[in-house]
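Below, each structure is written out as structure tokens.
Next come two complexes built around subunit A: one with subunit B, the other with subunit C.
Then we have the complex of A and B:
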């Protein structure tokens, strides 16, 4: 695998029943870059994203190869729990657990058996700073995570994902439940995060893809139509379908 | 008829039905309290029942009722929670699990006297438990399981799907997501269900007549060794509960003040059940609030 590639999909198809929702997608995600998956509802972008860290296990059949560090993580024998710690996920809606802010952040870390208070404290601070939430919550780490605003909760969920030190962060429409100000904050956070992480984001908001991503993949009816640098996709799309979608002719 | 009029009429009819239901419940409770409360005194609550003379109390029966509820919950909460976790988190949708669900529903419609006789045959005779608190607790568990399983399952299924996903997304194993995220999040509902079921089994009589027995042996409330036959904590002793006591007073009561004692006991019983219901609301709200803060 080339050095600057974080993840490679080879011929990935996903089917919930007989009919595939995602068809033969092959693509390479570059390290320390933000890649956006765009497309209309039902284009298969979320399904594809959720297949990457095996969240579709038991829900859908995923075929093809998903190469991560030269290992096909789509094989049945792979430890999915390890995969999910290396490839974290942020969901459409904030999903804080009903416990304190501090406990939320170190929840994934506790799984690895880490008990040293100093390590935990340090990781909480580090993760919250990375997620740009530290200044707002540092004086009330013991408060319930549910007392935070929606935008803060989503950044907390990002911090929680960061605490397990993943390499890749998958974001499934992370701002769809948030107001514009919170959305801007999350996007700014993503820009900071790409220094250390590779981000793959699903969004139905084209402006968000054009603002925040380096690479954009356009999906249509389960097929990957076009995958290129974001500026290229938006300024000079090569495919007619991409052009039609970007111009609001469907979707 | 114009919409406004028909709406007013419909509202009136619905209000009427609601009023009838509340009136029946209220008048029953008030009647029980009005006839019973005058006989309730500290002496009544803290003295032993008498066999032939007037002036007996309900001390042992009252204690037995509470103790039996605790024993029953100790058995039925883990069982119900386990079954609910299986049904809501693990059970595949196939014929076996739908038979299981059906079995639980059938169990909930069994008459309690049938459960009592079943308990008599199996627990009392077959398993040689004799008339005992434990046999009573097992019989009550059979009555309690279906509704408690249902309320635990409902509580678990009301936890947002995304919470589950979030746990899995962090690399947690399914069992861990269940015990660390699902069950704590469902705890208010589970506790409310458990306490409400406590109120239900507190008033149960038919299932206990042939299992926990109709007699109370003299026990010592200072003997804390549960294995001693004279200890109040001994689960293998026969124990008449408040509800059974009321039934017995009304069928074969030999004391001259049977009516008064039974009325007093009924008042205490209904107050306890009301208390269980209020407690369920209070505790459920408290736990939910604790999680929000």
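Then we have the complex of A and C:
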């Protein structure tokens, strides 16, 4: 695996029943870059994303190789719990637990048995700062996470994902339930995060892909149609289907 | 009056419907309220007459251990202790089992399994208590007799029967509570690398704790008030139980056996009403506890 590649998919197919939802996708995600998966509803982009950190276990059959540090993590033998700590996930709806802000952030650390107060305190501050939420919540870390606004909750979920120190963060339409201001804040946060993390984001919002991502993959009916630098995809799409989608001919 | 005035302010089908609806619901709630008030007043006046009319000391009643109404001795403590004893034991044993079954059904087994188990469990909830008593009489008592000797009748038999009776109720309620935990908690926890067990005890159980406790109190309230099934297996000796195998009597079983054998208006009959009053007060306390638990959950 080349040095600048964080994750590689080889011939990945996903099927819920007999008919595959994602067909033979092969692609490489570059380190410290934001890659966006775009496509119409039902194109398989979310399904593909969820397969990367094995969230589809027990729900769908995923075939092909998913290479992370030269290890194929799409094998039964792989420790999926470890995989999910290395490849974190942020969901469409903010999903804070009904606990304090502090407890939410250290949830993943608690799972690994971390008890040292100093480590926990430090990681909470670090993660919340990274997710651009620290200044807003530093005085009320013991308050319930449910008291935060939607945008704050989503940034808390990002902080929570960061706290386990993953290398890759998967985001499944992270702003589709948020207002424009919160969306802008999340996008700004993503820009900051890519210094330290590799981000793969699924989005319905084409402006978001063009604004925030370095690379864009267009998926259509389970197939990867085109994957290129975002500027190239938006300015000069090579495939007719990509062009049609970007011009709103279907979607 | 102009046409528009009439059209916009005159009586109509809609306003009539509203009025009829309000009258009907108000009437219904009044009937229920009166019913509750009547029960409370009746039970209180009958239950207190032992102390007022016959001058029995309330303290002697709740702390005395000799229950011989015909000889003028009204110590209800054995029944109070037995009622609490069998209820607590049945509840404590039933809670972990009900919780495990509910977790298996909601979190571990495939959803198709739930479609079969849930109706079966709800069917068990609806079985009349006399059937449970009968099962106790014909199955459990012989087994206990074989294992521990003696007659087999007693507190242990009652505990087992009550346990069998309340487990389905508790499982059913616990399943509902667990299903009410948002799916997003499970997803998020899984996404952070939690195993299923970690997800259950770190996220699902804490957010379902209030409901699980309610299920337990509900089951125990049912056990506390059960008369028939208990009466069939407990041996009906109004004495302080000394062991799990000793015959005893609960508040309810003394009531069902005694109410036909005493004459209305006598002290012996009024003593039974006093027991009923104790039962009512205890039920109110169970009810209150349930509400408190739920209030804490919301707060």
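The working rule: the second predicted complex is superposed on the first by the 251 of 251 C-alpha atoms of A that agree within 3 Å, B and C clash if a C-alpha of one lies under 4 Å from a C-alpha of the other, contacts with A are read in each partner's own complex, and residues count from 1 in each chain.
Here is the rule we go by: a contact is a pair of C-beta atoms (placed from the backbone, for glycine too) under 8 Å apart; a residue touches a chain by one contact, two chains touch by 3 or more.
Everything quoted here is computed from the prediction, not taken from an experiment.
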Of the two partner chains, subunit B (first) and subunit C (second), which one does A:147 touch, if any: first, second, both, or neither? first
Touched partner set for A:91, first subunit B, second subunit C, both or neither: both
A:217 contacts which: subunit B (first), subunit C (second), both, neither? neither
Looking at subunit A, which of its residues have contacts with both subunit B and subunit C? 53, 55, 81-85, 88-89, 91, 93, 95, 97-99, 107-108, 111, 157, 160-161, 164
Where on subunit A does subunit B make contact in their complex? 53, 55, 81-85, 88-89, 91-93, 95, 97-99, 107-108, 111, 143-144, 146-147, 157, 160-161, 164
Mind pulling up the subunit A residues that touch subunit C in the complex? 53, 55, 81-85, 88-89, 91, 93, 95-99, 107-108, 110-112, 157, 160-161, 164
Would you tell me which residues of subunit C are touching subunit A in their complex? 184-185, 187-195, 198, 202-203, 206-207
Along subunit B, where are the residues that touch subunit A in the complex? 160, 162-163, 165-173, 176, 181, 184-185, 291-293
